[in-house]
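In structure tokens below, several structures.
You will see two complexes here that share chain A, one where it goes with chain B and one where it goes with chain C.
Let's turn to the complex of A and B:
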């Protein structure tokens, strides 16, 4: 296993952000699903060596981030897209990625420039590389942020809400880039979009109030809602989770309304059933 | 084997410019003929080398085209011998740097003008007391890790945080000293007064760098700057009619013994910072 957390906890003052997290991630894409405030970002920041856990054991790429030498080795093989990149807007896209490449210690000017061009091309920004970040749209800036995380083909890529602000085409391109990297490396992405999980992830970890409430494959997550998703002609207003679908019927999660028929569940149904919103 | 593949056929096969039938017969022949396999390997090797040369050439051209124009400050650093990558790191946030530089400079210019045109010693005293604080504020505002142009990404990179902070502190100090020295020369007071800010500036800067390893750059700079101003305000005093040298001489900070102690503080703080350099990477940001 490349990366393992054992009974990891983190508190900020009186608030417990994470409690007893035990999980392993390996090659492929692992999705972190959870509501806002569930602890996804804290977990990713711990895995990115931004924060250290208050309790528990952490091994990243087989190394211990508490040890200064190990931490350096981890950071050399780490790609990180924080939730808010907050970059300096006076930079152009090229300058920003070049700046991070220098901090990534990509030595040799030509090697660095060629790597900067490669990652900007990977996110489809070759034509825009000399535009200032302040004049770019939210989606374009998100792609610049993503580009920097791909520098040096990291063995561990951590992405916090990577598809926020991307249009459908940009999201498909993002999935191509990430799935390509995940063939050989470990990618962990946090999201509240079940679409991303369904399209990309091998493994899913669901977080709720700082604890893991589910871990398994995407198919396992879908299966949790099997037998609990119903289609009816009329809404059951007593049910907590229902909505009108495009074909005019009403989808319910939980108890069957009168005259309803079972429907095959989706990732979203699995997630909603699990988090108890649909019951 | 009575016949062999020609070089032209092998080259065409390598780049996929042969018909399916021709490719099939080429492959059948290659399976049986060691000579032609060797020739294929040789041509492939040359092909790869040629492609690498071509790509290198292309990279060089793209380097020329893609290289963004450097800012004035970055070019200046490169001209004086700083490597291009270090110049980019240190000149990373020019707009922020200009802001603090302009703010600090205007305070000192006002002090010098006061010294020139008022009859009292207020301007010269103000200058000597505030000049050491300017680089400390500069470091905190522009080059604290939280103010890094890469945001949180800048925290988890392998480049040593201490080296980055030190580099930027040196740049701030180096860009600050010449204008401060010129302004000091314009003070009407003679003797030692125009020189008294220099050692404190070094001491406060080193102290900020050293404390950053414990509490972060911004709190360290705030504590150092506030501490300095409070102590100076409490100890510097004099009569309206007395010259600046007399005002400053009331404070131990500006007497020879105090200046020597401040110089020792600068050296000690630098040693502490260097000895604890690994701690700068370990500090959490939240």
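Let's turn to the complex of A and C:
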């Protein structure tokens, strides 16, 4: 098992961000779903060795991050894209990723140059690599941030809201990059976008109020909403979860409105049903 | 704390090269070097010594002319350590094998660049002075003096200390504007208004010391330059040992500032060895200045 968390808890003052999290992740993509404040980012920060848990045990890539030597070894095989990204504004995209490559201990000049070009090409920034970061759009900067997380083909890649700011084509490119890496390595992806989960993830973990409320495959998550998704010509305003679809009909989750027809559920339906927003 | 031996030394070396390259093209440093060269070089290019208002002025100003370069080194260093966006990168960089201490270490070591730049400009000036036959010092029969290695080491050491001070301040205030203003004020007080601190013992602790001073009452026929303050004759003492000891003191302060910057960049790091070395250098440099000083603790021409 690549990564194992056992009864991990984390508090910030009086707020409990994580409570008794026990989970295992291995090769492939694991999606973290949850509302704002559910604890996704805290969990990723702990897995990125940026934060220490208050309680519980953590094994990352078979090592204990509390040990300084182990922590260094973990960081050498870790890629991390935080939710809040920052850049040296005066650097070009190439210079910045090159700088991070040095922090990742990719020290051979030739090796580093080819690695930096590889990751910038992977995110579609080859033509823009010599532009200054201060002159780049939000989407381009997000791709630079993504590129730095891919340096050195990390065995454990942690991505917090990676597709924010990306256009549809960039998102598809991102999915290709991540799915290729996930064939041999472990990727943990925190997101609000159920499309990304449906397209990429082998396993899904749903967090609510700092606790795990669901663990399973994408198909398992979809199945939780089976028999609870309805299509109707008119909205049932009493329902907690309903919205207008592209064909002009209304999708409901929970109890069936009058005249509604049962619909096959999606990942989004499963997540909505599970978190109680669709009932 | 991650022990130093676990971090890849070649990675720190690569980081130093990146910082050095960026420092080499930093506008503040280049403007400072150009301004210092403009102040120091043209006066000697004609092959004639410049005109002086008092008997030891030219020699005294030899070490004073480089203040724009020291200021440039300080500003370049503090702005390097406070790059726009620096705070926001913390989370992204935190999960990397090389931490904040290594980045600060690389920035400190890159101080070799402004020091080398200083060495180049100083060497050029020294060559021009040699070509002009030395610095006439004393009245009415001036003695031509040549700058010493200690004078050069002192100027280069000041640049290094200014670089360390810039980075140390950046790790203390986190304000680019404030740090630049502090640099300007310090330069103005310690170099442009240097006579404000030219009394014992403050002169030994301030960045600038004069390499020449007024010695014991002298008389005609001595080999050393002499001058008159109206009441009598006195010797003009060129204190090479004193300048060398002051350089040790300045370097010690520089090491202490570097230790402070490293400590601030990694809360778990205790730079005890650096503090010990820097402290010993600063204290011994100060005490040796007292022991080696040959002047009369007064500057009658100032």
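One rule holds for everything that comes next: the second predicted complex is superposed on the first by the 279 of 279 C-alpha atoms of A that agree within 3 Å, B and C clash if a C-alpha of one lies under 4 Å from a C-alpha of the other, contacts with A are read in each partner's own complex, and residues count from 1 in each chain.
Here is the rule we use: a residue touches a chain if its C-beta (ideal position, glycine included) is under 8 Å from a C-beta of that chain, and two chains touch if they have at least 3 such contacts.
All figures in this text were calculated on a predicted structure; none of them were measured in a lab.
Overlaying the two complexes via chain A brings chain B and chain C into a clash.
In the superposed model, A:72 makes contact with both chain B and chain C. Once chain A of one complex is fitted onto chain A of the other, the partner contacts of A:102 extend to both chain B and chain C. When both complexes are overlaid on chain A, the residue A:94 reaches chain B alone and has no touch with chain C.
More residues of chain A are in touch with B than with the other of chain B and chain C.
For chain B, the stretch among 5-13, 59-67 or 77-85 that collides with chain C in the superposed model is 77-85. Applying the stated touch rule to the two superposed structures, the overlap between the chain B and chain C interfaces on chain A comprises residues 45, 48-50, 68, 71-72, 75-76, 78, 80-82, 84-88, 90, 98-100, 102-105, 109, 112, 145, 148. By the touch criterion given at the top, residues 1-3, 6-8, 10-11, 13-15, 18, 83-98, 102-103 of chain C touch chain A in their complex.
Residue ranges on chain B touching chain A, taken from their complex, read 59-60, 62-63, 66-68, 84-85, 88-89, 92-96, 149-159, 164, 278, 281-282, 284-286. Residues of chain A that touch chain B in their complex: 12, 45, 48-52, 68, 71-72, 75-76, 78, 80-82, 84-88, 90-92, 94-96, 98-100, 102-105, 109-110, 112-114, 117, 129-130, 145, 148-149. Those residues of chain A lying in contact with chain C across their complex are 45, 48-50, 68-69, 71-72, 75-76, 78, 80-82, 84-90, 98-100, 102-105, 107, 109, 112, 133-134, 145, 148, 158.
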